[in-house]
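Note that chain A is present in both complexes that follow, paired respectively with chain B and with chain C.
Showing the complex of A and B:
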């Protein structure tokens, strides 16, 4: 006896739209059951995890802060993933963007450099991320090297480069030899939107990226080419689409957006370079991209949802003393349920009894 | 009109007086104490020791305190977690990793009535204290033990990152070894991690392969000392007592003990006597504790105990002058007969006799 997945002949659009909602309910039920097993109240947990963060201005602001880099990176990744190119190295592109952008901040530190510093830093951030993203793309198109391996390994190269810089040439001379750069001047700081708030202008970059991507994917030949390259590479070649150019383009876009996220975080949140500038945004964004089904608006929502699980998880640790492991398990359950719900919309489960198969 | 204005002015003065007294130190009946840990609590290591300190507060002050912790907080994303504690009524917040320095200061500026305690940092504010431990005192002792016990004459050291605290630890360890064995050699391997059993184990094995028979470590996992145990060599526990991981190899362990300090600081907030200050405690303050000396001859044990007593009483400073740099030149002595605190806290040179280079 075994189970078989058979494709459905017709896929209900209503089911497709409701699948994520169902996935959420199921994952909350599973998590609630676990919390109940631990002898805690699932209702209180739901309140602390979801309702309180969504009803409090401070948490809402933190939600945007956390979702901004996730959305920016995931939007970029969606270009690659749509073309079935597996860029796993967004974390490295994020770091390289931050490094190149910060170079200017450190060069102009303590000078009278004016308003042009910040915009140029952002541009350098994009360039740094894009160039770094082009490395695995080049290796793939030129030598056929698997991009999953190269992009992932380049993450460590980027992190160690940053490590070298902040412990060596870019170390703050007045910082007791601790591994960190000087704090950036105001001219090199991405300002908060509201004074005393923590939401910086990076949030607009994320929204713009979502809108532009929606137009590109839905309305342009390039968007169509991406989809075709991913779904039917042979057909794309016959249609005269250059898959090499597509590969280079999507890696550059993906890397550029990750680099923009990197320089935005460093200049808007952290305010200096230090050995660790990302709590794994580049990897979490992969989850976000798939949770959002590679759809720009979906990614925006997914970024907010994943941000909510982080913030709710912290509240749960503080207010209910629920362990961190539960938050991480919940994130896993959520992703699994969303992917399962999507699969069940397109496929039906058939129970095959012995001898009934072939 | 006039009287209203006057009343308004009066109310304003009263309000100002009220808020002034609120800002002033005031005794409290009950406080909430929060902790931010950089790693998981687990059952040994850096964050575990801080959590032991948290539990000590609960034990000592009972229902006068309520404690909370948030574990595995990434340094680049810690500001929100710290602010969550500040917003949920915590009166005293310990942020227990160097990387939390700037976020702690940022949150502290927003919440002037909450007291913050940042471990191992160097920036303070009216409501931010800093504290750290003189682990190098313990390292001088284990250096002496290693120098005395080594048969190959080569001792090994697994370092985490080449930051001043670790460099000072290596120097203190080597000076201790040299004091009893002038020709002793040291080999250092950088694991570039605070906690990664696989990397630390590899580093330890590389050292053992090079003929090292005493292994010190400035990383948190028991992997190095376990590697020593497997080869029949000796090692020293780090942060927590690691005897259960290496019962035959552990000679002693340098234990981080934050309990006394944490209890004192919580009491100070309860009494209204908390002040921003910088604390750097060692063996004398019970912040650094040596686990029982084992697996060694009696004379070595006696020497270790005497050294420990001498450091505790202040008769011995591991960095007593003269101290020579690798080039043989004497380091300027800025303290009272020893290197100054600033020189130790910012140490970025090796002492004479270490044939290695600090990675830059």
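Showing the complex of A and C:
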């Protein structure tokens, strides 16, 4: 006895549109069940996870703050994933972008350097992430090394490099031996949009990235080339699309956006370098990219949803004493449900017993 | 249930009122068909008539909108290929369903359920290959094989399961005459052993050679069940199309002028461990002529195509000259800009992306032309272009701008050929132009190739179909184990001479192009 998936000949557009909604409901039910098993009220948890963050202005700001890096990174990843190239190392590219951008902030610290510091930091952030992303791309195109392994392993290299820097050469001499750099000067800080708010200008980068990507993927030859490379690699070669150039380009774009997310977070949010500058944005963004079905607007929505689970998870930890790991489990359940719903829209499941049909 | 079991027993399988609707299109419209045990039954019809749809329903791949299937008199629901195989059906699809990265033996093993493992498959494979004359190397990776060889895998894969009804969807379209003859012997033998065969083909001569009954479809309906031996190929074709199929016109005599393509001492290592290397290939093609390249599948045709198109690059730039430009080391894009156009052998996956709409598929070879401006896609221009191709090449589509995979095989072929011809290329290289195309459409495609040459383009046709080459080519050469024979005017070739070259016999005396 086993299950078999057979493609549906006609897929109703309504079903396709409703699939994510159904997936959300199912994943809430599963999560509620788990919470109930842990002896807490699922209704209270729903209130803490979803309703409170959405009704409280402070949380709403926090939502944007957390969604920003997720959206930026996931948008970049969508370029890779569309071309069936599996960049798993966005976390590392994020860190490298942050390191290279911060280098300038530390270099100019305490000097009279002017307005140009911040823009240049952002550019360096992009460059750092892009170059770091190009390493697995180069290894793949030149030596055929699997990009999943290299990009993932380079995450640890980046994290340990950051660790070394903030404990060693870049440590704040007046910082009581804490492993952290000096606090950035105002000229090296991404300002908040509202005077007293927490939301910084990085939000705009994310929105711009979404819009530009929507145009690139939908309307340009480059976008078509990614789609063709992913859907029919032989046809892509026949079309004359150079697969090496494509690989390099998408890794550079995705690394660059991750690097931008990294430097925006450090200069707009944290204000200094420290051993940990991300709660795993680079990995969570993979979930975000697929939740958004690699569609730019979808990714924007998915980033907000996943950010919500982050914030809800933090307050659930405080208010209901639920472990923070539950948040990650919840993100996983959400992704599985969305993927399953997508599969069920295009395929029919049937139970096949041995010698069936007789 | 009508309970009448005649003296000869019920038919093996009986289809009653099978219909299949795709949106507004009735691909199958109340089809009745019955197959007796041990019978070889032909299913005929022009491109898009609904043949593949019908057999896919029988094999449980798609669900009928209405109708009933009876197996030995009992109604059955065939919900999936697994159930079909359990009943005793085997099927060779029109488009291959193989994993490129796996070996021949692995491809066979993954499709078989039960107690098969690689070792038993390998043993059985050798046995079947020998009995039926279907040579296959168990350890070769599929991506190194030609279409003809891939098809052999599919056939052998079915035979391994001792089917009671074998469905073949255009099995000979890529086989050489000798290979086809082997296959017919196999089928005769199977049928003598009591296995029924449902045989789809556009080649009427072979249908008349094999079958005693033929069901003819037109636009999704049965228009007749006949004995193909009692009527001529011409009459059958007329029944299929509803009118007579004409000969192709080559009225204007062929007056070649300027040289368009020159291949000069082209060597190319094999693409993989088992590919065929090209050895010192020389060829000159002039404007205004059609040059045919004959040969048995797997003798370097795909490599030659890849070398000419620029999907693989030569060592020296001057190994290939197109329109006066040495371009052996520049890619397919640059060659297209020299007004060259290419149609590869495999239409789904290589010439076209299955899940993309036809308008998007125009971008594959028109990326640098009117469908884009400074890197942006002009969607309406692409749609217009697709419509023009559909109109000029009589492509029958189920909807305005369908995904490529929704077209019947022959119609997609017309589309990918039309897509290139409409660019009015100076050089057109096409590999197997009429594979799986019905008589009417084959005529249309061949006529288009000849007309293109008469209008002053150079055309290279790689084909295994000798009749086709004799019909369209002005000059012809034969490729064998990666070497190309000298080019000779078509009038100087006889079928026997070509046959000898194809087998490599003539090379012993040739000397000039000996290995």
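We take it that the second predicted complex is superposed on the first by the 349 of 358 C-alpha atoms of A that agree within 3 Å, B and C clash if a C-alpha of one lies under 4 Å from a C-alpha of the other, contacts with A are read in each partner's own complex, and residues count from 1 in each chain.
As a convention for this text, a contact is a pair of C-beta atoms (placed from the backbone, for glycine too) under 8 Å apart; a residue touches a chain by one contact, two chains touch by 3 or more.
Bear in mind the structure is a predicted one, so any value in this text is a computation, not a measurement.
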{"item": "Three-chain arrangement built on chain A, chain B and chain C clash or fit", "value": "fit"}
{"item": "Touched partner set for A:240, first chain B, second chain C, both or neither", "value": "second"}
{"item": "Comparison of chain B and chain C by chain A residues contacted", "value": "B"}
{"item": "First, second, both or neither for A:24, with chain B first and chain C second", "value": "neither"}
{"item": "First (chain B), second (chain C), both or neither touched by A:138", "value": "neither"}
{"item": "Partner chain(s) touched by A:274 [first = chain B, second = chain C, both, neither]", "value": "first"}
{"item": "Touching partner for A:221 - first (chain B), second (chain C), both, neither", "value": "second"}
{"item": "Which superposed partner A:317 touches (first chain B, second chain C, both, neither)", "value": "first"}
{"item": "Smallest distance from any CA atom of chain C to any CA atom of chain B, in Å, after fitting", "value": "38"}
{"item": "Sites on chain A touched by chain C in the complex", "value": "4, 6, 9-10, 219-224, 227-228, 231-232, 234-235, 237-240, 242, 350, 352, 355-358"}
{"item": "Interfacial residue positions of chain C with respect to chain A in the complex", "value": "22-23, 60, 62-63, 76-80, 82-84, 86-87, 309-311, 331-333, 336, 342, 344, 346, 349-356, 360, 363-365, 367, 372, 375-377, 379"}
{"item": "Residue numbers on chain B that touch chain A, as the complex places them", "value": "34, 40, 68-72, 74-77, 79-81, 83-85, 87-88, 98-99, 102, 110, 122, 161-164, 192, 345-348, 359-360"}
{"item": "Footprint of chain B on chain A - complex, ascending", "value": "58, 62, 65-66, 163, 167-168, 176-179, 183, 196, 198, 265, 269-272, 274-280, 311, 314-315, 317-319, 321, 324"}
